[in-house]
Structures are given as structure tokens and as C-alpha cells.
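Next, two complexes with chain A in common: one pairs it with chain B, the other with chain C.
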Partner chain A sequence: MRVKRFFEKLSTLDRRIIYCLIGVSIIISLIGKLQFREFPSAMTKKVFATIESLPKDAKVLVAMDYDPPSEPELHPMATAFVRQLAAKEVNLYFVALWPMGQVMTSKIVDKVLKKKFPDYQYGKDYVDLGFKSGNQGVINVMRTNIKKLFTTDRGGTDINSIPLMEHVSSLKDFDLIVSVSAGYPGIIEWIQFGSDPAGVPIINGSTAVQAPQVFPYFPRQLAGVLGGIKAAAEYESLVKERYPEIAGDENMAIMRMGPQTIAHLIIIFFIVVGNICYFVTRKMSV
Partner chain B sequence: MRRQIPLLITFIVGIVLILSAFIPRAPFGSLGEEFTVFFDIIAVFAFILGGGALIKLHGDKIYKRKKGWGYSLVTVAGFFITLIAGLLKTGNPEGFAGKVDIEGSHFYALYEYVFLPLGATMFSLLAFFVASASFRAFRAKNREATILLVAAFIILLGRTFLGSLLTLWLPEQLNFLTIPELANWIMNVPNLAGQRAIMIGISLGVISTSLKIILGVESSYLGND
Partner chain C sequence: MNEKTIGYGIAGLVLATAIIFAVTGKAVPITSGPGIWVASFLTLAIFSFLYDDNPLYKFAEHLFVGVSAAYWMVIGIWQTLMPNLIGRLFPEWVADTFDIKAEIAANYFYIVPLLLGILLLCKLIPGIHWLSRWALAFIIGTTAGLNFVRYLMSNFIAQIRNSMIPLVVIEDGAFSLGRSFSNIVMVTGIMAALFYFFFSKEHKGWFGTASKYGVIILMIAFGAAFGYTVMGRIALLIGRIEFLLHSWLQII
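Moving on, here comes the complex of A and B:
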């Protein structure tokens, strides 16, 4: 009877205890800078190889379609994308369908391009087209005539006076589209209205929640997808291994995998405890 | 007329955009792009309208001291502080001519030290709710619940270092039985099948609803008389 009451009480454990355990474990793993070795999956290797195969001066459109709530998950992979792309010396065209996306672009340009690649010149090696409202309508217009919608860059400079835009008139002029997206509008719209009709390969970095919705497009319409912080950590490890000199000191995704691992293990522990309580109380009730 | 004119506009615009998708020749082919530009212009007015509606709603709550008026005060104050910081480019190291979100400006500080941490915090709360919900919901009560439980286990472990470590000892020929590969299989086979079915269902629903709206059968978007 006492045993049954114990398990019944355990099965209705106060959720505040669960919250405390999760909070304390994540804080400890963050303070302790817990890190684990990453084993890149086949999908992550495919994304890496897609960018590695780009020739010098290839034209790559980078769509930054996320905001602060998803920044902890997507910013590390966006940063790693730009690192590898810049190491390959391709021409970068930044665009955003989310208002905050252009702020993300500024952060990456300041922390990666200006610091690690000082030879990268604005207007000749990279350009920031900024945010444009209109969701998939923007992509629709870009497919045939980019300059119709983007008459200036983000800073207000006439688009026709930017050297990098000289031979770019539509999406078809790009060699690759890199979409970092947290929802709508994002990768699905880029595939449906942009890359697939224009015949331009596309790779994607998504949140773990959105990634399952993107998998149906792989491999015919989508060359590869990174889903969540785990894939971002795997990708960061590949970039770090291939380009150690520009990998950066803060590998954000690898650092965040430590707390995620601990949190997952605690969740698994509670699931096991919950099921033990359920079976014990059910057996004792029979 | 209050209902007929909007219905007529919807019908004409809908038919024109459908034609522009199927007829690439001028003038139909470029109509889709033209309408996108119009949408951009209308969206600007929508921003102003949205801001006005926000102030009206919360201003009314503050004025009448309704329940929760303190939160409305914070909302309105945040709105105006951000608006002023952005419009007037206060604290901008390059002055009024500089970019609005340049590092050092008040707008940048509001984004970096207020909006960014608050946004990340709101999203991070999910982790606690997921842990609590998993404890209460993931019980092997029947066959379907057990399958769900096992799949959740594999995915949770597969997304961590421990998942790789636990099955690292398996030979190359049995690589498909490693936890990360099993997690990938769950995502690429049963999940993919379900997602494709959902997508097809949603697409058929969108086509049906869009036709009903264009033809005026569905007019709930006009509101009640």
C-alpha cells in the first residue's frame, strides 16, 4: 500500500521540480562548457559538399529568414554557411523576407566577413539587398526580374551602380541559394516559387520543428537540409576541420549541444520514471 | 454594394493572377510581378493601420483602467520608445544620415539588449514545457502509445552524442541499426510519408478554399453585416 502510494505520488510529481531540474542542469552544463564530439550525418556531409563544390566567384543568394526567437538555433548555422562560402571566395547576395533577417545579415557581416575576411569588399564580393515585404510574391518577382523589386540595396545605393549586380537580373543567374529559415515565408516558398521553377539548386538550414516539413523536398527539389542545433553542430565541426584558420573561436552550435544533450537525458529519465510509475500502479490496482 | 464590390475585386484579381500563371505572354505574364509591387505599397499602409489599431486598443485599456492595463502601458511605451529611436535615429554614431541599426545607436541597443534576449527567452520556455509534458504524456498505455514512446526515445537519443556512443561498437554492416541512423530512418520514411500526405491534403484544401473565395461562395473575410 505504501509502495503504491509512493508511486502514485511520484507519477503526479510537481512540475516545478521538473522545471528546476532542467534549469539547474542546463546552467551547470553552460557554466562547465560541456562539449561533445560530433559525428556528422550523411545529410550534413551532403550540405557541406554542395558548398565545397562551388567554384570561385560563383553567385550565391543567402536568404536570412529568421528572427530573435529562432536565432539561438539558426544563427550558428547561418554563420557557418557564410564562413564556408567566404572561404570558397564566392560572391554573396544577402536578402531577407523577414524584417529581422536584415539585422541578422548585419551581425554576420560584422562578425565574419569584416573580421575574418577583410579582403571581402562590399559591392564587389558581397551585397546586402535588405528586407522586402511580400512573402512569396517577392520570390515570384525575383525569379524573372530582381531589379524591378530591388531598385536599391539596403543602404539606398542604386542597384545599377553596384558592380556585383551587373550580371544578375533574375534568380536563374545564381549558382546556389542558401536559405536559413524559421517558418513562413521561408524554405518552402523559396523552393516552390524560386529554386524549382528557376532550376537553381538550394540548400537549407531550418529549426528542428520545421525540418520534418522540408524533408519531402529532398533530394529532387532540395539539395540538403540542416535540421536544428544538432545538424548545425555537425556542420560547424566539418567547417572547423576543413578550415581551422577561419573556424572562429566561438563555435556556437557545438557549445549549445552540451546543454541540449543534458536536457534530452533528463527528459528521457522522466519518461522512464513516469512509465515505471504507471506500470507499477496499474499492476498493484489489478 | 458593400459586399458586391469587394467580391467583384476578389473575383477579378483572382482570375487575373490565375491567368498570369498559365499565360506567360504579355500582358498576363508580368501581371503577377505588378501585383506584388502593389502588395508592397498596400503593406506599408497596413503597417500604419496595425500600429494605429495597437495604440487604440491598448490606449483604451489604459484610459478605462481595465484589467491588465499595466501591461498595455508597457506595450504602448515600448512601441513609442522603439518608434522614436528608429525614426529619429537617436544615439546614432553617424547621425541622422547613418544606418538606423548601426552598432552604438539606441535602436541597436534596444534590439540587442531587449528584443533579442526576450525573444530567445520566450522560445526557450518551450524546453521546460516539453520536459513536463513528456513526463505526463509519454505513457505506454496501448500499442500506438508504445510505438510513439519508442520513436521519441530514439529521436531524443539520436540527437545527442550519447546516441552515437551507445551504438558505436556495431560493425559497419549493421550501421543502419545505430541510434542516429534509426533516428534518420524515422524522419526519412514514416515521418516523410505522413508529411507528404498532409501536404497533399493541405494543398487540395487550399485549392478548394481559394476557388470558393474567388467565386464568392466563401465570403467570411468580409465580416458580418
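Moving on, here comes the complex of A and C:
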């Protein structure tokens, strides 16, 4: 009887205790800088290898389709993408279908290109085309004529006066599209209206919520996907291993995986306990 | 929220401050800017809902809704309407008045979307709300036409093609058990899931068995998607807590 009452009480545990445990565990993990070694999956290695195979001066379109609510998941992988791309000395074309995407572009340009790659010149090595409203309509027009839509760059400079835009007229002129996306419009629209009809390879960094919707496009329509903070941490570890001089100590995803792991273990523990309580109380009631 | 709860809350804050000071050697600093303090206050106000609904949470929630509405209105005007419509109809005036470079020459074809937009706004006027149906018909027709072919090509035909994979995989002259098993599970899982959604035949016998297998596959897929969602939400929580500890309290 006492055992039954114990399990009944455990199965009706106040959810605030669980919230508190998760919160405290995350705080302690962050303060203690808990980190684990990352073992990259086959998918993450595929994404890394796709960028590694790019030749120097390849044209890469980087679509920054996310905003601050998704920043904890997507900003680390976007930063790592730009690090690896700049290390490969490719030409970067930043574009955004979300208004705040252009702010994310500025943050990455300031943090990565201007600090770690001072030789990267605006207009010759990278260009920021800014935000354009119109969702998949923008991609549809870009597929045939980019300059019809982007008459200036983000700063208002005439597009025809930018050296990097000289040999770029449509999406087909790019060697790779890198889409960092948090929802609509994002990777699915880039595949449907951009890379698939234009025949341009595309890789993606998605939030964990969107990743299951994107996996069906792999591998024929999508060269690789990074789904969530776990994949971002794996990718950061690959970039850090290959380019230790530029990776630095600011590996946000790797830092966040420690608390993430502890929180997951607590959740799994309570799921198991909940199931045990359910079956025990049901058996005792029979 | 009663006095006992408030007392526990204050005691918890004092205890947390003492622990932070003991571990890091720093007292809670006040060097963070006012914007950081406002953001931290609002973050903690939202988190207070985890304990119980309260006026602080309600205030933060209403503030968020109001600021979001205003933000998207401003974005809609300055990032969409001004450069794409007004800037194309009156480029010189827009460039001189607002310093927005849109077009070199005026394109008066954009009077058509201007009129359609006005028709759409007629929805708000009781006597002539029916005029908005013309603009809506244009929007629906254009969107359907734009999306139909691409959805068909990328989401339907391409997905059928992607599902046609070999059940026996030979790699470097040798049979690959892992990839073959993976492909078999994928193909049989797709077929079984489709069987489940076929309601023109009773789910009995072999068809019923395949349908049950399809249900299992669907449940596994939903579970995996839910697991991904949990991971995503925890990652956002960690991002917020990192903001509080790093940008506000400056202890990490």
C-alpha cells in the first residue's frame, strides 16, 4: 500500500519541480563550462565535405533566413559556414528573405570576415544584397534575373558597379547555395523554386523543428542538412579541427551542447520514471 | 501569488546571489546597459509563468504582442511598400525625401498592384467589402499558379523518384548490409504508410498488417520529430539563460 502511494505521488509530481531541475542543471552546466567531445555524423561530414570540395573563387549564395528567436540554434552554424567558406576563399553573396536576416548577416560579417579575414574586401570577395520581400517570388525571379530584383546592394550601391556582380545574372551562375533557415520562407522554398529547377547544389542549416520536414529532400534535391544545435556542434568541431587558426574559442554550439545533454538526460529520466509509475500503479490497481 | 510564494521567491534570489558570489567571486554587477536590464526583466517575467500566471507575465506578453505588431507594420511600410511600390511609381520623390534608391525610371505598371491593394483594404468598409474579393481572387490565383508546378515537380514527382532506391546495395563489389537494410526499411515504410491512408479498402488480412506496420512507422516518425522539437526548445532556453548569465549578470 505504501509502495502504491509512493508511485502515485511520484506520478503526480509538480511540474514546477521538473522546470526547476532543468533550469538549475543548465545554469550549473553553463557556469561550469561543461563540454563533451563531438563525434560528427555522416550527414554533418557530408555538409562539411560539400564546402571543402569548392574551388577558390567559387560563387556561393548564402541565404540568411532567420531572426533572433532562432539565433541560439542557427547563428552558430551560420557563423561556422561563413568561417569555412571564407577559409576556402570563395566569393560570398549574402541575401535574406527575412527582414532580420540582414542584421544576422551584419553580425557575422563583423565577427568573422572583418576580424578573422581582413583581406576579404567588400565588392570584390563578398557582397550583401540585403533583404527582399516576396518570399518564394523573390527566388523565382532570382532564378532567371537577379539584377532585375536587386538593383542595389543593401547599402544602396548600384548593382552594376559592384565587381563581384559582373558575371552573375541568375541563380544558375552560382556553384552552391547555403541556406540557413528557420521556417517560411526558407530551405523548402529555396529547393522548390531555386536549386531544384536551376540545378544548383544546396546545403542547409535548419532549426530542429524544421529539420524532419527537410530530410525527405536528401540526397537528390539537398546535398546535406544540419538539424539543430547538435548538428551545429558537430559541424563546429569539424571546422575547428580543419581550421584551428580561425575557429578560435567562440564555438557557441559546442559550448551549448553540455547543458543540452544534461537537460536531455533529466527529461529522459522523468519519462522513464513516469512510465514505470504508470505501469506499477496500473498493475497494483488490478 | 500569495505572501508565502513571494517570500520563497525573495529567499531564492538571495540564495542564488550568494551561490553566484561564492562560485565566481563576483557580486551581481550593475555595469550592463539599460537595454540589457529591460530585456532581462522581460525574460524573467515570461519565465515567471512557469510558476503561475501573474501580472508581470501578462504585462510582458502584452508588450511583446504590441511591439511585434508595430515592428511588422514598420517593416511592411519601409521594407516592402516604400521600395517596391511607392519607389517604383515615384522614384525621384522617394529618393529625395526618404533616401531610398528603388528605380531609376518610374514604372507606372505598378498602379495595378496599388489598385489591388486598395481593393483589399475595402474589406474593412461594410458597404463595399465585396470589392476585396477581386484582389483576393488575384492573390489566390497567382499563388496557386506559381506554386502548383513547383510543388508538383519538387514535392511529388521528385519524391517518388527519390523513393526508387535499390533494395540490394553493392558497394565496391561487396554486398552492403547496412545500406541495404536502410533502403528496405525506407521503401517498405513508405509503402506501409501509404497503405494506412488508403481508405477505399478495408484494413484486413495482409492489407491490415501492412497498414499496422505503416502506423508503427508513422509513430516512430512523429516521435523522432517530437524529440527534435524538444531539442530545439531546450536550445532556445539555453540561449536565454546564456543571455542572462553572460550579457546581464556577466558571470560567464
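In this text, the second predicted complex is superposed on the first by the 286 of 286 C-alpha atoms of A that agree within 3 Å, B and C clash if a C-alpha of one lies under 4 Å from a C-alpha of the other, contacts with A are read in each partner's own complex, and residues count from 1 in each chain.
Here, contacts are C-beta pairs under 8 Å (C-beta built on N, C-alpha and C of every residue); 3 or more make two chains touch, one makes a residue touch a chain.
Remember, predicted model here, so these are calculated numbers, not experimental data.
Because the two structures share chain A, they can be overlaid on it, and in that overlay chain B clashes with chain C.
By the touch criterion stated above, A:Gly205 is placed in contact with neither chain B nor chain C.
Shared-chain residue A:Ala263: touches chain B and chain C both. Which of chain B and chain C touches more residues of chain A: that partner is B. Shared-chain residue A:Pro216: touches chain B and chain C both. In the superposition on chain A, A:Gly101 makes contact with neither chain B nor chain C.
After overlaying the two complexes on the shared chain, residue contacts for A:Asp110 are found with chain B alone; chain C is out of touch. Applying the stated contact rule after C-alpha superposition, one finds that A:Gly228 touches each of chain B and chain C. Contacts of A:Gly183 after superposition on the shared chain: neither chain B nor chain C is touched.
Contacts of A:Pro40 after superposition: neither chain B nor chain C is touched. Within the superposed three-chain model, A:Gln192 lies in touch with chain C and out of touch with chain B [touch as defined at top]. In the superposition on the C-alpha atoms of chain A, the part of chain A touched by chain B in one complex and by chain C in the other spans residues 19, 22-23, 26, 69-72, 133-134, 137, 140, 208, 211-212, 216, 227-228, 230, 260, 263-264, 267.
The touching residues of chain A, counted against chain B in their complex, run 13, 15, 18-19, 22-23, 26, 36-39, 41-43, 67-72, 102-103, 106, 110, 132-134, 137-138, 140-141, 144-145, 148-149, 154-155, 208, 211-213, 215-216, 227-228, 230, 257, 260-261, 263-268, 270-271, 273-275, 278-279.
Of all residues in chain A, those touching chain C in their complex are 16, 19, 22-23, 26-27, 30-31, 33, 69-73, 99, 131, 133-134, 136-137, 140, 151-152, 156, 191-193, 196-197, 207-209, 211-212, 216-217, 220-221, 227-230, 256, 259-260, 263-264, 267. Residues 23-24, 50-51, 75, 79-80, 84, 99, 101-103, 146-147, 150-151, 153-155, 158-159, 161-162, 221, 224-225, 228-232, 234-242, 245, 251-252 of chain C touch chain A in their complex. By the touch criterion given at the top, residues 30, 32-33, 35-37, 39-40, 43, 99, 101, 103, 111, 115-116, 118-120, 122-124, 127-128, 130-132, 134-136, 138-141, 149, 152-153, 156-157, 159-162, 164, 180, 184, 187-188, 191-192, 195-196, 199 of chain B touch chain A in their complex.
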